[in-house]
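Take a look at these structures.
Each of the next two complexes has chain A plus one more chain, namely chain B in the first and chain C in the second.
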Partner chain A sequence: MKYFLLVFETMRQNWLRTLLTSLGTMMMVFVVTLVFSILTFLDRATSEKSQNLKAIVSERWQIPSQMPIAYADALSEGAPQKEGDHRIESKDSMTWSFYGGTTEKDLRLATRSSFLFAFALLPSSLLTMMDELDSLEGPLKAEFEVVVGKLADNRRGIIVGKDRLAALEKSVGDTITLYGLNYKEINLEVDIVGLFPPGRYDNSAAINRDYLRAALDAYPQSHSGKSHPLASKSLNLVWLRMKDKQIFEQVSNQILSSSSFSSPAVKVETASSGISTFLEAYRDLIWGMRWLLAPAILVTLSLVISNAISIGVRERRMEFAVLKVLGFRPWQILLLVISEALAIGVFSGVFSAGLTYYMVNVYFGGLKFPIAFFGEFRIPWEALWWGAAIGGGTAFAGSFLPAWSARTVKVSDVFAKIA
Partner chain B sequence: MSHESPCVQVRDVHKSFKRGGDVVDVLNGLNLDVQHGEFVGLMGPSGSGKTTLLNLIAGLDRPTLGEVIVQGQTISRMTEGQLAGWRTRNIGFVFQFYHLLPVLTAFRNVELPLLLLPLSAKQRRQQVTTALDIVGLSDRVNHRPGQLSGGQQQRVGIARAIVTDPALIVADEPTGDLDAKSADEILNLLGELKKTLNKTIVMVTHDPRAAERADRVVQLAKGRLAPQLAK
Partner chain C sequence: MCLRKLRDVLSADGFGTIVPRDSTMLFSLIAAAPWQIRSDSWLVIGMLGGTMTLLLTLLVISKVPLSYNVLNLTSRWVTTVMTALAFTLVVSLLTVMLAFVNGMYALTEQSGQPGNVIIMAEGSTDETFSNLGVTDIGDIENQSGVARNDQREPCVSRETYIIVNQPIEKAQPGKPKRRFLSVRGVDDPAMSASVHGMILTNGSRWFSEAGVQQLAEDATGQAAIEVVLGGGIAKQLGSDRTSAERAKARNSDRLDLEDTFELNYRTWKVVGIMESLGSTFDSEVWAKRSLVGPMFGKNTYSTLVLRSDPNFRRERRKEVMLARNERADKTLEKALVNFEKKRSEDMARQAADTKKKPSLPSRPVREKVEQPTTDAGWGAEILKEYFNTEYEKSKVNAIVETKYFEGLSSTNLQFLIAIEFIAVVLAIGGVFGVMNTMFAAVSQRGRDIGVLRLLGFKRWQILVSFLLESMAIAIVGSLIGCALGYLWDGVTASSIVSSGQGGGGKAVVLKLVVDLSTLAMGMCLGVAMGLLGGLIPSLSAMRLTALEALR
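The block that comes next holds the complex of A and B.
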């Protein structure tokens, strides 16, 4: 305790330098915390689960995947063909068709706020299979169940995220017309039946898949009997949930060995593997963030601290000499200097990481960084100890050499000029 | 402790320094005894070796040749770590420019040496209070050096020097940065320490008035003792 007080008191030597070093540390910890949060999120998303895993069935040779709707029913069950094959229950499967539209009829006048991207799916799968929505609890779950019920009852219904609804300048209960972007000339009049719970789907929407299918089926009637170009390509993804890897392997074999899915061919991969594949395009960016940006910031921070501590040590040579005269040993001088740096580093790191956590997660409701299809990132709670580790680690690295220099101050040399 | 042997014994001490490529001999076979309770002044021209001798006696440096024995311990053979520990308990150092830590109060400055000893906070507080009482600064305990006059700062320096109750006080031009009145007060204080607390004092000074307060003045010239001025 007595040494701690001494450390704290000597930190007041130069308040301005202490403050500036602290601010520099906070700034860099803030940036590194953001980078680490994104990398951690992506690592978790791409790490293999061994239990209760989700698999994605998609077209093997094309992105985006465009499978015929005829595949939907069989794939949703896991394509069981014979006795002993595993059959996926309906609550453990989900089909997606992606519908993109705009509320502006004239595309030239369309702005970002008029666009809307919707998942066309079976309404019940919102509660059983959609990430984060399948684990809702309490009042939030009850509220969303009502909304899903409305979507199931109203084939023209649409559920929208709060941010997207605000951008469209519409309210729940309104009816809007969506002019198809990917499904050209498939325009859908939809009734806004409710909102997604706040979070991941703030900018998304969901419509009833039957409504889209019906629109595709009706297309030939107004187009001289010609089918819509995407009529046989409207199934984009099939999600399957399986208890463990063994069942995944079994279902995967069932699907891949079936002749029903050969044209186009399909592939089956775990969600994490699918995400990894999708992130391939961002591989260099992620690599740069992990191995260039973050280390560069850490090194810069260490140098900043080292510079500040070096200046302080140079100014305080006489003080260190006096402490040695009084009986302080070299290792105690070393410890004093390092402790001062650590105190500043750890405090600044924890404060910065904590503030980042609060501001990003609570105040802003997530970091909107559009990498791949991830809407937003949140700061994990581990950031609090990252802050301490980064601040403390860089403080130690930056202060060690100056502290060693302080330790080697020769008392007789410092006083040689006197008398 | 037996006081038959001198408090300080300097035996045939040589001290050389490397300055650039040259070797400079600062002390050449110097011998000196300082008795317990004696107040000795060291005088001499610049470069005569006064401060070097003081540093050797205070255990801040080691001789190139010869021995320095203080309070019966041959400090010239101690390692740097041993010297540091020895200094805390046995030496009080008074500097010309006080060298107080500017961010610490008078109390905390005086307490510094005690942080190295196994004392409780209460014991440290008692000893600091006593030391500041002795130097007459009980009413300034919470003042920082910037809030004290030169004379008061030097009193704090003296309090710091005596707080561990060392037998030997070494003072390096303690009045060099003070006006005549303050210098007088400091010298009176040093005299009181010798008389009432039986401290042994070795003081480097250029000031003849300061030298007058000493029991004995030792003149150094070219690293050796010149014929002494007895009191």
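The block that comes next holds the complex of A and C.
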């Protein structure tokens, strides 16, 4: 106990140095926590799962994927062809059609704030299949169930993310007309029935797929019987949930071996693999964050701490000499200096990570850094131990050499100088 | 250049419409600051000049001998080196990060030709999503505003742009098994190249009229598709080969002439490599449109790129500018009405519930209508106006090519904001580190300060002396940081450029650009850190009386 008191007393005596080192550590831990949060999120999104995994079926070659709507039903079931084939339950599948529109009638005057990107899907799949929305709990889930119910009841309904709604300058209950951008001349009058829970879908929207299909079906009536150019390409993605990797392989084989999906050909991949492909374009940026930015900050932090501790050790040579005279062993002096550094590092690290967690997640509602289709990141709970580890690790690395030099202080040298 | 960036942020989003700004405007303004621009950025260089002037002034007015400072720095050399190292790391990080964004800006700015106009389908803002009617093509390219070559052919590039999801057959374990490959199908490659200003490397040729050639060694009997590769993508595709294949290849760094790769169960043979000009085309595969369009399910043209006649409707230049100004006025008027409405709603909401925070919408500003400065620029502007307002055969969206590529810099801005944020936070952390060093220097040299005061040196002279010390450490550290950062100049990296929501994007291979303004920015940050970090300790040194210092 006395030992710890000694550590804290030294820190108190050099309060200015302690404070400055601590503040420097906090700033650096803050940046590293942000970087690690993004990297961890991306790593999780791209790491292959062996259980309860999601698969994406899409057009084999082209981006954006455009498949005939006729593929939808069979693909949603996993294309079972014979007895013994695996059939996906309806709650475990979701089809996506992308509808891009603007509230500006004259498309040439459309601004970014008037754009709206919507997933056209079966409303119930929002609760069962949509990433993050399928894991909602408590009041958030109950609230969103009500909103999804409204979308199911009102074919013209639309659910909008809070940021997009603000950009459109509209409110829940308003009716807007969307003028089709990718679906040229498919204009949809939609009623805003509710909001997405805050987070990933703040800038997105969801409409009932039946409404889009009905609009495409009605198109020939006003165009001398000619179908809409995208009528046969309106299915963009099919999501399937599978129990395990084995089922994934089986369903994948069922789909790829079926002659029904040959024109255009389709591919089946796990969601993580699909995300990896999208992130491939950011490969060097992610590499830079992982292997350049984070290590450089850690080294800088070690230097800052090392510098502060070295200065302290130089100023306290006399104190160490006295401690040695009082019977302290060299390793105890080494431990004393390292403990001081660790106390500053760990405390500052945990404090900084905790503050980052609160500020980013609670105050700002997420870290906005658009990369691929992820627009926002949150700081995970693990950040608290990252803070401790970063602060402690860099403090240890930075203080070891100065502590070693304190350990080797020669009593005779110090007192000889004074004499 | 700097002001142009600032204007781009303040003005609208490429549609000539101004929208009320939200809280991100502050970040946008910061991001529009000078450090994002390159060698013609006199403001950044001016900032560095100002910093250097300050340093020189301090040197001139400093009465305490410099040798005293040098002695102190060298006698505490471990501390000095470690502090300088921290500067080196922070400055080199900033330099590399800015070089990345610089590379992205260079890419988007160098991709467009000033006299070109891109024709897309109405409502499309990106060529990925554009589908032009085949029947309209002939009419569009025969309009009088389109320039013609010596053979009286319209200077038009007919294109189908496809993003192909390419499987990487020999992907290393843990690495992605697919990538997005930009394939541009063109009808007449020589014409397309002349419109885009692309040239081939020595020994290269454009693909043949048929676009295919029979390979003797191909047992399947299917002809190979002839392709011309951009320099960046040739390097990426080359990296897919195994080390044994690379060892045998005539060029181990990239795919070269006569090399082949597999895609969509076909062999693709490289017949040409485009000279790397730092544009988005460096990241593309060019092939015969009639082959690759249907192969990947896109039978329509995505865009027509027209070279405008620089003399097209010369007499109407004033009229066009007038019309654009009027449009900008009307848009502003509309935006102001919306702004006032929103503000009054906001005030009413606040009056009803005082706890409610006001949303504080920003007042919209008028779009600055920029006047072209060259004939080519005028030609493109007037041709664009013609297609957007007068052309009636089909509805199209015409965009001046340089503006189109400028619009793809939305990602750049996002990265830039992130970089600036990181740089500022790191710099603050670094300032605390410098303060530590300088406070230690002050406390260790209390007696020195006392003696200096007794010798008649003024308080401010002591301040300057300590400031010079911290700035010297900063300058040395920053110089080494800049030198390390400069090593990254020209290094290639992959990224995405896009125009944000509703825009699409392009996977590109870019070159990091470390230029004068990047280095100047690194130096400015370093010196600012040194100045701020040294100021408070120097002030504390200045406040010491001779008696206190000697006690």
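Going forward, the second predicted complex is superposed on the first by the 399 of 419 C-alpha atoms of A that agree within 3 Å, B and C clash if a C-alpha of one lies under 4 Å from a C-alpha of the other, contacts with A are read in each partner's own complex, and residues count from 1 in each chain.
Here is the rule we go by: a residue touches a chain if its C-beta (ideal position, glycine included) is under 8 Å from a C-beta of that chain, and two chains touch if they have at least 3 such contacts.
Owing to the predicted nature of the structure, the values given are computational and were not obtained by experimental measurement.
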{"item": "Three-chain arrangement built on chain A, chain B and chain C clash or fit", "value": "fit"}
{"item": "Which of chain B and chain C A:E9 touches, first, second, both or neither", "value": "first"}
{"item": "Touching partner for A:T270 - first (chain B), second (chain C), both, neither", "value": "neither"}
{"item": "Which partner reaches more residues of chain A (counting touched residues only), chain B or chain C", "value": "C"}
{"item": "Touching partner for A:T394 - first (chain B), second (chain C), both, neither", "value": "neither"}
{"item": "Contacts of A:S234 with chain B and chain C, given as first, second, both or neither", "value": "neither"}
{"item": "Contacts of A:R283 with chain B and chain C, given as first, second, both or neither", "value": "second"}
{"item": "Partner chain in contact with A:G327 - chain B first, chain C second, else both or neither", "value": "first"}
{"item": "Partner chain in contact with A:F30 - chain B first, chain C second, else both or neither", "value": "second"}
{"item": "Partner chain in contact with A:Q254 - chain B first, chain C second, else both or neither", "value": "neither"}
{"item": "Touched partner set for A:T95, first chain B, second chain C, both or neither", "value": "neither"}
{"item": "Superposition-derived minimum Cα distance between chain C and chain B (Å)", "value": "12"}
{"item": "Doubly contacted chain A residues - partners chain C and chain B", "value": "none"}
{"item": "Chain C residues touching chain A - in the complex, by the definition given at the top", "value": "12-13, 15-17, 19, 22, 78-79, 82-83, 85-86, 89-90, 92-93, 96-97, 100, 121-125, 128-129, 131, 162-165, 176-180, 264, 295-298, 331, 338, 342, 388, 397, 411, 414-415, 418, 422, 425-426, 428-430, 432-433, 435-437, 439-440, 443-444, 493-496, 500-502, 507"}
{"item": "Chain A contact footprint on chain B (complex, rising order)", "value": "50-52, 54-55, 58, 60-61, 80-81, 84-85, 87-89, 93, 95-97, 99, 101-104, 108, 112-113, 115-116, 121, 160, 172-173, 176, 204, 206"}
{"item": "Complex contacts: residues of chain A adjacent to chain C", "value": "16-17, 20-21, 23-28, 30-31, 58-64, 66, 100, 102, 107-113, 115, 117, 166, 169, 179-182, 184, 203, 229, 264, 267, 269, 273, 276-285, 288, 292-293, 296-297, 299-301, 303-304, 306-308, 310-311, 315, 369-370"}
{"item": "Chain A residues within the chain B interface of the complex", "value": "2-3, 6, 9-10, 12-13, 318-319, 322-330, 411-412, 415-416, 418-419"}
